[in-house]
């Protein structure tokens, strides 16, 4: 473990840039913290924090100058790895036939600054979907290869966080190049740095770091412990797969359907939801065609459309698909839960539907 | 390709503000290509030249509000092979459908000194209430990219990419921060049909539903949330009684609030 | 034509659905009606019971061609009622979005709807075959106008960003910057357009109008000013209804707007121009003079040149506003509704547009009155037609019909807006 | 996931030229045959010789077929896997893409990705009786298996084909059924819900037939395709006749955009119809199969 002073953060960023990475990280263009290009530590939400609960999110000023003193916002890193809309290929007529031209995909090298532990797990989960099976999604694969991950251990938990329940946080344990813990003491503002990869170590090499003292790991542990104790939500995952498999006809689904808007916000903000649709488009001449991929959601009626109608016409069945997929069928499909406990789906649901609450309700009255 | 007969395009107007037709004229960059591909056979707003029908593709703007239009829409249907209604007026009755909730005679006398000259129906109704419609394009006004999409899809014979899901999905695809969650601003986006590109939230205001109801809109749940955020019954009533007041899901919800308001 | 009737069933290249009925007997016009098929939509009635804050969104729907004008008159009327002053950059942004609407609306009319009349084409598409450069330039000008509206308003038709007190969100300086290049081009293009339209062939048809428009102490009028005329009228907008009435006249079923004790009057670009020539930007004044347009224009056929001059002025004005712009702290001034009456009058592309609202203490609309420009010009259009036909009565029927249509298009009438005034008489044969 | 072990693991992951699984190959329409009103079979040949040579499929698998500018849909391969170089697809017009496919002419081009999905248990069924149950407006996936078994009568036991439709005019492949009927040790049972005067076969739902026909439950393998409600009843009745749950195979349909497990649309409980299906063994999905709107 090494120590990097607050004042060296920009040197650190510059070192990443020298390695050819553009930086993306948390920033406040508007009324929430979102991931976007950043140039220096000044672009981070310095001194800001967020207050989150079901259906509400508010930015608040902190009484210190913390760089990472907040939790996760509405966006996740999937917006870079699995872009919301992407052209897959173009085609044009040629004689009696046509020719398909694959998209020249040349994603930039990006350093993700401030990836939380739950998000590391989310990335690992999407890795399984897109590059872990018999088929490889080349657009994801190319983007994934080009990423340098700077994780941050959470110094506080949000009102809708439940990573402890999902065993995905708050401390980053794997999947990063470097992991930081922000420590603010009277008169001192610094970061502990753990290296996860050789690449990470290399970036550190030229920086004015010091070696950690014996006390530092303990400080980190203390911070993490404090965060654990603040978790806004809990979700009991005991035998959750069978719980949901056996309660596909539970009356709770009808109940949640009276509140659910099927607006799809939960799936859009979810860092593991991977679903997409494709759109075939043509120009007016009819000589050129393109295929685009766009994020899609199991909350729409088109999602399950087959000739003659949609398979899931009711909101009840759509909510059930979302929740059983996240927490149960995902386990059969990919060997892990599809939920990392980041709480986004709770915060960003306009009517504050809470997945932890829904599980509790079913568990309490299960078949 | 060149030798094929060009499909004939017709644009028709009923009770409306002309904005949806204008959307076609706003496709500045695409109009030359369109004029190459189709014969603009009937488009009074833009041209005095009128070709005889039948027309391969008819775009119909406006709602049915007069006895004369009741007959005219039948005629339009007869001469149209593929009929697409464009805009909130044609697909839901438009803002003028607010008369459907009132006594139209009173409306006439408020506006006109000599009500007896006014020939009007009790209601303003969408085209699909009177003739079969092949495709409905929503919006007040329609979005010009969507209009081009529908025309392009018609020309090549594919389904237009005009999803009927919520505006929320467009917010998220764009990266717009939710005004409902992050500001507490009531927003109709969760029950509103996508298509505009989530304009209002990106200008920090709540959606007011100009694209009409999405598929499976849960208006009751959203109304509850609006009141939780401080909207009055009157405000909720009014927002559902906007340009798509007569669209079924919005009409039903507003009727509930109207009853509660009484 | 000695005897007979002319019926133009669907008037083309005007916004909205109208027709013309003309009857000539023994070489004189015995009946002439501009007929409106456009169904009534009862906006004044349906505004009752709505909140003041909804007026800009609802009245925009009166007309898709000039929604900004409706929004502007509505917000001014509301602010008048609440005693609110919107000034500084917010006021400038309102003028900017109005520039966008003038540029877009005028360009469409000049190039696509009106010019074909002078050159003998049924539409701009056919005209484009022989004059591709002219038509393309017109499209691009229109697009430049639309870009302003879309940037400030969210979209070009029925913008969503206008509210009582200001805007929902205001642009940063950086966001406005991309408009500059576009507008510089547009200004050049408008200059060309003035030259080009000035060279079109015009019939001799000078008329003696009473022009009415807003007049502002130092600006070419958009949003504010006093109502003035070339025959001595000068009143505040508050007095509008003391001076103007909608009268029913015995020879026609149509409601006509008149100046009390004086009769018909003309609003729109020609009136605005003739009353405010001195307020045009120097560039626009020069361009008009060079093009041979005198500071007062009385030939309605030349209104096409006047519109082009106004496009030029709007481009110039927009550039000036962007150059001076500083982003305000707040996108809108605070609004506290109170009971009362509010009036607003602004200059829509087609002329002055008057709104009056009576509100209760919660800001709900109790009464609304809207007087759009086209209905104010209604009498003038028919008068012009009568005079024009009388003067050209020797023309063959078809030719006369076409000339009548052109005469109507001189006014760029917007029938969708006008319906509230017009008689609905269906000539069913 | 071992629950779905009959999926084809050696399917063309980085296979022959399929590196980016979103990119279609092109194939030429080399033949077209009308089967019935609105149903046509297209015979396709991959244009690239290398791809053509390495292309292998199994009965029950499908391709994604793309019509220029119109769209792409999953369509089963009905030709014989051992007939090299050609791919037959029987397509029923139901919407825009299927209509555009059927409107193609000889010499035209389609985009083709595949083969995808699991296949019928034709190895497992060797030596056993094969029961085909199908209903609705002609279900292409079973045509491939019937063709396969009919062409290899010596390898399989008795072949019974049960086919039920609503009315006689919905019976699409009348000629084919007649032809199969003539194969040795092959029985064809046709039934309609609403007969007309000329109908000379059975009347009633397809499951009624099970009671009338002798089925050797112990030595049979069932392969089924059709409307889910029909399959639901058929399974119930076959179980009642003593068939084992793991001897019943169903082919399911779901919306599909990618066919390679990325788009998520085709999920059916834990299964992806595109890679775990379309052919699924009943015992592995029974909880889901009984639940509506899954």
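Each chain carries a letter (A, B, C and D) given by its place in the written order, and its residues are counted from 1.
Note that a residue touches a chain if its C-beta (ideal position, glycine included) is under 8 Å from a C-beta of that chain, and two chains touch if they have at least 3 such contacts.
As the structure is a prediction and not an experimental result, all values here were calculated from the model.
Asker: So using the touch definition from the top, which pair is joined by more C-beta contacts, B-D or A-D?
Answerer: Between A-D and B-D, contacts are more numerous in A-D.
Asker: Kindly work out which chain lies most centrally, taking the average of its C-alpha atoms as its position.
Answerer: It is chain B that sits nearest the middle.
Asker: Taking each chain's centre as the mean of its Cα atoms, which chain lies farthest from subunit A?
Answerer: C
Asker: Find the geometric centre of each of subunit B and subunit D from their Cα atoms only, then give the gap between the two centres in Å, rounded to an integer.
Answerer: 42
Asker: Counting only Cα atoms for the centres, state how far subunit C is from subunit D in Å.
Answerer: 65
Asker: Express in whole angstrom the distance between the two chain centres, defined as the mean CA positions of subunit A and subunit D.
Answerer: Inter-chain centre distance comes to 39 Å.
Asker: Averaging over Cα atoms per chain, report the distance between subunit B and subunit C in Å.
Answerer: Chain centres of subunit B and subunit C, defined by C-alpha means, are spaced 25 Å apart.
Asker: Out of subunit A, which residues touch more than one other chain, so two or more?
Answerer: 280, 282, 286, 302, 313-314
Asker: Could you list the positions in subunit C whose residues touch two or more of the other chains?
Answerer: none
Asker: Would you please write down the residue numbers of subunit B that are in contact with two or more other chains?
Answerer: Within subunit B, residues 156, 158 contact more than one other chain.
Asker: According to the definition of touch, which chains form touching pairs?
Answerer: A-B, A-D, B-C, B-D
Asker: With touch defined as at the start, can you tell me which subunit B residues reach subunit D in the complex?
Answerer: Spelled out, the residues of subunit B in touch with subunit D are 156-159.
Asker: Quick one: which bits of subunit A touch subunit D in the complex? Just the residue numbers, please.
Answerer: Touch residues, subunit A against subunit D: 88-89, 91, 93, 96-100, 102, 129-130, 133-138, 245, 248-249, 274-278, 280, 282, 286, 289, 291, 293, 296, 298, 302-308, 311-314, 316-317, 320-321, 324-325, 328-329, 332-333, 335.
Asker: Provide the residue numbers of subunit B that touch subunit A in the complex, in ascending order.
Answerer: By the definition above, subunit B touches subunit A via 1, 30, 33-34, 36-37, 148-149, 151-153, 155-156, 158, 161, 163-166, 168-169, 172-175, 177-184, 187, 189-191, 215-218, 220-222, 224-225.
Asker: Under the definition above, what is the set of subunit C residues touching subunit B in their complex?
Answerer: For subunit C paired with subunit B, touching residues are 10-17, 37-46, 48, 50-51, 54, 57-58, 61-65, 67, 108, 112-113, 116, 122-126, 128, 139-140, 142-143, 146, 154-158, 160-161, 163, 167-169, 246, 248, 253, 255, 331, 364, 405, 414, 416, 420, 423-426, 428.
Asker: Over in the complex, which subunit B residues touch subunit C? Could you list them?
Answerer: Within the complex, subunit B touches subunit C at residues 13-23, 25-26, 28-29, 31-32, 35, 40, 43-50, 65-66, 68-69, 94-96, 98-99, 102, 104, 106-108, 110-114, 117-120, 124, 140-141, 143, 196, 199-200, 202-205, 208, 210, 234-235, 238, 242-243.
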